[in-house]
């Protein structure tokens, strides 16, 4: 947990704010952080990018309201299971703004020279080429819960619909079919969590 | 092999209470082979953990937690299948009656660990510490399993430990966390939702060494030692002051379950280099 | 300016007892401008420190010490000239009579700090903790200076603090170190010559926050806070739970006297950024 | 304080053993370390060199006897005041084996391209050129206590004859004329400690 100084925050759309904040430890792709609101709550946040000590996050207007007047915020992490990007091609599947959940992974993969394609459902991205098929060494996705069953069984899906508490695997709150989203995830294989 | 309360353990490394959720026990047991796993402290009815923040890191290898004994209730214990590693069932409650009721439902596990020391939920844990004699006496009447009592690093630890032992406890688990507090200086609010939390990890390691030393010296009793073990050396240190088994907790939060394998390896290398067995080490720094 | 027991301090940063040797006070005062310097705990006759090892680092920013109140005796106090920074005279002894005798010889300094909490010499410090009422009562009868009582992070801290206050203490210094032990696993000997030592530094910081919080909440008394302050944020944290002055100790051992300047700067930057004064902060996290 | 693994120890002469031991933190020139003999004593040791994680020490037969059977020793430090080697010439003055007290400084200086000369009293060293005079930007010395008054007043002398205890400036045992040898030293200006 560190006091992280906010570099800037700005409105991206009606549903989304971007926050750039100083954070000394580079997260690994696949990890997340949490925002600590002292004495009140703790909110898991996906990472959209990390560049030279600056962590980029995208949050809802509701979360933005919690920190809009603050120069420093308490950030915990990096949390969760790092993904090994040792593949040669990655397909990203995302629904609308949920693309932000997997952006850091896709960006890190692209920087590593991995072939990255994206299928953005009801959305567009110019950052990555469009996927024509589902052929890839690794598929990562972030979609609403009710769309999971339509994903390939071997895809890793960003589990964002479970409640989290300790975020470090000991309280058991984020359990999903004997997996703990906070330490076994947030990316968990679809086959492990659908019936 | 290590003999603790008449039970044989393949090596000293176990997992402390509060780390492994029930549904994970099987997987952790199979993949990391701890000598035993202690369950979360189980109460009669399920308890929700406190609201977050419940667990923060305040310094390198040091955490503050106030999960508050969140657990699925004793009736879930039966979902745990027979394991390759042994099970220590941690039990808690808000009254002697509740604890006895829980104990009666413990139908598996080698050892019962009575949690009379958690600082993280009013009415439970350390709130019952002053009744340690009565609790243990009653509990021993309703179970045949060995009963270990988990105590905190209190100023009266010698008296508390003595009461537990004279009431018939088979051993002690030492130490629980130390009550602390962290303030967010941006809002001047307590960071933990519960207000306070238990300090764990490397920060309390020399405190654990001292407490275990003092209790072992006084009573020469079976001890499960825990408190900031992050390396094989840390574990050997606790054994040298009297611990027979070593519980890992915060290191797993900090580093993951693979720390079990690392620490076990470090201990084995230490033994090999020195030509020692575990039994040569237990309590050796106290006798000197 | 901060008013503590009727005395004005230019800022909250002081140096805790046991850090600056008498002959260094002048130099440290001039070069680093702490608001006050607390002397080593002075006893009637000189005491040699324990034999080494007396001070070891066991974790990042965390130490174990057992200097054991080594000091040149109260009669050396007169060698300290008038200073630019204020003097807090720490006093100890192995009996109420000795302490009173020492107090009578305190001819300079703004405040007397009674050390009833060092864990590092039998018969002194915490050995007298149970007599806190009698000690303070007697001491108040023989000095006109404000008397602060330094207590440890004990389980009965609320009662001990209450006894000190009801006996007439003008304030409290919180907290002293926590008794710990380190074993050398190569020889299985206790590392410290004295056997045990007091844990200090970052490792006990959340414990200091909790103790100061609880005591301030209960008694709303003047508190000199100390315990693992390594940054301006740490200092602000202790002030927010009720400390008016902040003692630096382990950070100076770890980083040198220049840490005083760094921490003061960090605190001033914090105040400036937030548009706050020190008086806005004291106890603010307790009232909430 | 760390457990430092001994790489080797060997006899150099009847009075001296060399110990090479793994130590992760590079000491700065001017600093020292201490050897902790648990529960018994703590012995300040000068540093003779440091190279890629290995600390080189020279000790008396008596100290060597304390650790001869050990694979690991407890080392505390680095301790003491670092010396800033921002001069262009250094003169080292040493009596016999006390040269080892200042060797690390002289060696680091030489590596930095500083002009280093040595006056070795009743001893020889081929490692550094002999000094013909006492002209140097910085003079550092290690001699027995009774020879200090013969040193130039501005020289820094390695204070090795005072007892030390905590080694970190708080116990006061190593005080020498209002200086603490452990934190103001071990190298202290001659003028500060002679009358």
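So that you can tell them apart, the chains are marked A, B, C and D in the order they are listed, and the count of residues begins at 1 in each.
Keep in mind that, in the parts below, contacts are C-beta pairs under 8 Å (C-beta built on N, C-alpha and C of every residue); 3 or more make two chains touch, one makes a residue touch a chain.
Only a predicted model underlies this, so the values are computations on that prediction, with no experimental measurement involved.
Centre-to-centre separation of subunit A and subunit B, using mean CA positions: 34 Å.
Look at where the CA atoms of subunit A average out and do the same for subunit C: the two points lie 46 Å apart.
Subunit B and subunit C have Cα centroids separated by 33 Å. Shared interface positions of subunit C, defined as residues touching 2 or more other chains, are 58, 183, 185, 189-190, 233. Looking at subunit A, one finds that residues 3, 71 touch two or more other chains.
A linear topology is adopted by the chain contact network, the touching chains following one after another without closure. Contact annotation for chain pairs lists A-B, B-C, C-D, with touch applied as defined. The part of subunit C that touches subunit D in the complex is made up of residues 18-19, 21-24, 27, 40, 49, 51-58, 65, 67, 70, 72, 183-187, 189-193, 195, 253, 256. Put simply, subunit D touches subunit C in their complex at residues 1, 3, 36, 38-42, 70-74, 76, 164-173, 175, 178, 180, 183. The touching residues of subunit C, counted against subunit B in their complex, run 58-62, 64, 154-156, 178-183, 185, 188-190, 196-197, 199, 202-207, 209-210, 213, 233, 236-237, 240-241, 270, 281, 284-285, 288.
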